[in-house]
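Labels A, B and C are assigned to the chains in the order they are written; within every chain, residues are numbered from 1.
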Amino acid sequence: MKTSRILATATIAAVSVALTGCGSKGEAGGDAGASSGTLTIGASISLTGKTAREGVLTQEGYQLCQEKVNAKGGVKVGDKMLKLDIKYQDDTSKPDTAASLVDQFNDQGIKLILGSYGSANTEAQAAVIERNNQVMVDSSGADNNIFAKGYKRTFGVLSPATEYAASIVKAVAELASPKPTSVVVLSADDGFSKRAADGAAKAAKDLGFTVLETQYFPNGATDVSASLNKVKASNPDVIIGSVHLAEGVAIIKQAKELGVVPKVFGETVAPPTPDFVTTLGKDAEGVLGSSQWTKSAAGSDDYFGTAKQYDADIQAKFKHEAGYHNAEASAACLAFVLAIQKAGSTDANKVRDALAALDAPSFFAQLKFDAVGMNSSKPMSVIQIQGGKQVTVWPKASAEAALIWPGTTK
Amino acid sequence: MAQGLRRSRTHLAWNDQVTGFLQATVYGLLQGGLLALVAVGFSLVWGVMNVVNLSHGAFVVLGAYVGWQLNISLGLDPFLGMVIVALVLFCIGYAVQRFLINLVVNGPIFITLLLTFGLELLLVQGMNIVFTANYQSIPTSYAGNAIVLGGIQVPLGRLLAFLLAVGITVLLVKVMANTRIGMSIMATGMDRGAARLMGIRARHVYALTFGIATALAGMAGTMVGTVGTFNPAAAGGFTLLSFVIAVLGGLGNMYGAMVGGLLMGLVQAWGGYYLSGTWVNALAFLVLVIVLMFRPSGLVGKAFYAARVEV
Amino acid sequence: MATVTPALWRRWGPWALGLVGALAALGLQTQLYTGQVRTVATIFMFVALALSWNLIGGYTGYASFGQVVFFGLGGYFAAVTMTHLHWSFWVALPLAGLAAAAYAVVIGIPLLRLRGHYFAIATLGVAEGTREVVINLDGLTGGGGGITVPTVGAAAATKYLGNDGFYLVYLALAVLALLITGLVSRSKFGFAMRAIHQDEDAAAAVGINTTRTKVLTFALSGLLTGLVGATYAFQQVTIYPERLFDVEITVLMVVMVVIGGSGTVLGPIIGAVALQFLSEWLRQNYTTVHTLLLGIIIIIAVILLPQGLVNYLREARRNGDYSLLANVRRYRL
């Protein structure tokens, strides 16, 4: 009879489904391939999607690190030399995919994770890292919120978000003469940008500037004309953009169209990326940017040498100037390598403790993490686009050239 | 938030407020014209063939890339290179419709949606691989400059784009109404069966329509590239925009996209000026929903196109 | 005239099949590693979403392009109540579903007067607009910066469920959606839905209260989508408006239903499993070109099976003609 045939087929199907993937549940092999001579670190980055550009830059930084480390024979763990192998997965710029990939890495026994690009992705990943007892070194998530949750297993090599725009304000206050009077901040409305904008407004108030009301626009907007139009009449001296690349370019372009000419523009994230100069051409001249790292940064290490050598290596391998996205990624990878060598083991807990106690110089900056895991002692640099190139102008100790003031020409 | 706004506005003199408002209006209209050009191809394809083309934004970005490539390799000014861009994209669009989309046009509703969804994935990822995800822009020496009329800045690049958009819309209307090709396109859109009985080759006409639409999208893309930046990930935003403008203006009327675009540009400009910048998008969608409530076929659309039964 | 009672197996077979499937899914959990559990849980999530869209889009023919608004509202309702009011997840979950259903009624009554593509765009407008409103109420929702559900410490009313816990919740939601779809499709209500799809004016003439049917269906689909959204918000811990109101989620729902076969019970399930599985597999093994390959596969699938897999199988069985080429010829211009 047909009923029994159907039920039989269904039961067989169910049982066979239950029998597929027969094996133990939980995690597979916990030594991350140490027995086979390689050290595997997992990295989920945005190879496609909204932040694909920055994701690729991050990957380049990881790739250069892998090359440099393996050129020296690999990572010294105890008395063995393990080859460094970074496994990449594409998280399509989405935080939930990034978090899911951390779980998948965990399944494969990969406990050491390099962060994805951006604060949103890193925040999502940090939660999973904490639950799975993995360890993550964060290369590009600067939002202070990530480190305000009591997580103990995520370490960020970069300066926190509140410093991004504040450093530009400080630079202007110190270097510009005659000193400007009014500052306005134009900010995207995502968490990271808002944090940076608040930091800038506070720093400006503390330094005695007149601070106009911060203007917000949607994250990823390519049309910021409304905000520019609103501030035009107040004639601010300094316009700070707390933005990402797309909005940063839009501010400069549309300010020119609308005839908004302050004494200087200063933006986060956008000016140090190579695309900024290529898309704006001459209009990029004089724009200030804050950077996690510049070519003239002090400090060096055994793998990358000095900052200038790092830039040369990036240019040789990837045919463009080194940006801070490359540098912070390489620094994160370097932090892992140094911590593993110090711990003499690839065990996640030992590596975690070694990272917490790390205090090492590098081409990027001193790699040292505070109690919540941020590299809060690291200063940011301020650059200015001069002659189509990024030139460090602040802090004075590592400045390559003087500030051109005013930064705009009418 | 509102208190802050009041504080900043009372500091502005009346003169400044008027100037600001007029500047916002002018900028909004120019922006609206460009948006209209982005959307007109989408509206054409939907109105005539009842095909919702989810890959429309990808063609816009493709046009921007072709224009950019011409500028880089041949030094061609984008406003001239636009013609070549239109030709290239017309051929691509014709082929896509003739050999791909025509295969499923008789299927259940939204099947073309699926096909164009797959096409969009393909195009965007393809551009990602060929051109990389870098942001690009097509530089010209004049596009960033502005003509100043009584305190109002009129950016040159956007003005040219606006005039071109208006010109192309008028041209499109004339072509649709007065030429044989145009009339066969409209006829096929009204009643495919009857049109075929009259000897119109529907497969060819459909392909022609899609080709025209992608050519228009490509031109719009080149212009967008001149006044702003683009990269493959921007495709989705353009498609969403085209959706909204096409419906706002209404289908079945060639002026629909222009009307919708101008309205959207003005709403966004005024909204951005009087409210916090973050409310702009919410306002735009509120306007869309309100318009649809009171004029379900869009502002100037023809009611027939709203609920056609496929033949 | 005497009614014909279908054979026993025809009436109870599908229910038995569903039960066996649910049991198999439970069994599957014991055989998976924890990361794979998360992946399969996501598949169940999309099964539930696809089935919920199928109610309003597949059966009733009102393709809602803004379905993700219920996903986002459910998610934010749960996140806000769990964060600010310290509700337990088990209290927030059903109420989030009800809130989404209520919103569906509120927007459905005016919007369901529109037809065809206009209804689609109007719902899209509402979805996008709602997202913007959520972003701007940043005191409540955290705005663009996102909101975090407390999962550790004293503030957490419910302990985090973990991959295994969420697997079970998503499975339960998928089974619930399947149950509702199964019940509805065989009932008078389902008949009314399909009548509206085929010819709304004729349906009204026959005496079906089309407004009531449409609004109820919309509310039902909103309820299911909202429940999934609330679960998702808890699973993600930190949620952002762009992600929770992402139009891509709606597009995925539509694609899954149409590929599987809209207006059927099995279609959305097959479509969801196939598409999600395929895109995961491609992403893991072809890291650089996975979306390209997915696009090509979707194009080929659509050209060969324009009516969706389940409908193709039904028609093929009825006509005895399984040829794919003939299928293409049937639907081409």
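Assume contacts are C-beta pairs under 8 Å (C-beta built on N, C-alpha and C of every residue); 3 or more make two chains touch, one makes a residue touch a chain.
Chain labels with UniProt names: A = Amino acid ABC transporter substrate-binding protein; C = Branched-chain amino acid ABC transporter permease.
These figures come from a predicted structure and were not determined experimentally.
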Taking the touch definition from the header, please name the shape of the chain graph: line, ring, star, complete or other. complete
Farthest-lying chain, centroid of Cα atoms versus that of chain B: A
Starting from the mean Cα coordinates of chain B and chain C, work out the distance between those two points in Å. 31
Chain A and chain B have mean C-alpha positions lying a whole-number Å distance apart equal to 35
Chain A, residues touching no fewer than two other chains: 48, 189, 218
Among the residues of chain C, pick out those that touch two or more other chains and give their numbers. 135, 143-144, 288, 291
Sites on chain B at which at least two other chains make contact: 125, 276, 278, 281
Would you mind writing out the residues of chain C in touch with chain B in their complex? 61, 63, 110-111, 113-118, 121-122, 124-126, 128-129, 132-133, 135-136, 143-144, 247-248, 251, 254-255, 258-259, 262, 288-289, 291-292, 294-299, 302-303, 306-308, 328, 330-333
List the residues on chain B that touch chain A in their complex, please. 4-5, 7-8, 11-13, 16-17, 19-20, 23-24, 27, 31, 125, 128, 132-137, 139, 144-146, 148, 153, 155, 157-158, 227-229, 231-234, 268-269, 271-273, 276-278, 280-281
Quick check: in the complex, which residue numbers of chain A touch chain B? 48-50, 52-53, 56, 189, 212-213, 215-218, 221-227, 229-230, 232-234, 245-246, 249-250, 253, 256-259, 274-275, 278-281, 283
Contact set on chain B toward chain C in their complex: 46, 50, 52, 54, 100, 102-111, 113-115, 117-126, 129, 202-203, 206, 236, 240, 243-244, 247, 276, 278-279, 281-282, 285-286, 288-289, 292-293, 296-298, 306-308
Which bits of chain C are touching chain A when the two form their complex? 7-9, 13, 16-17, 20-21, 23-24, 27-28, 30-36, 38-39, 42, 135, 142-146, 148, 151-153, 160, 162-163, 236-238, 240, 242-243, 283-284, 287-288, 290-291
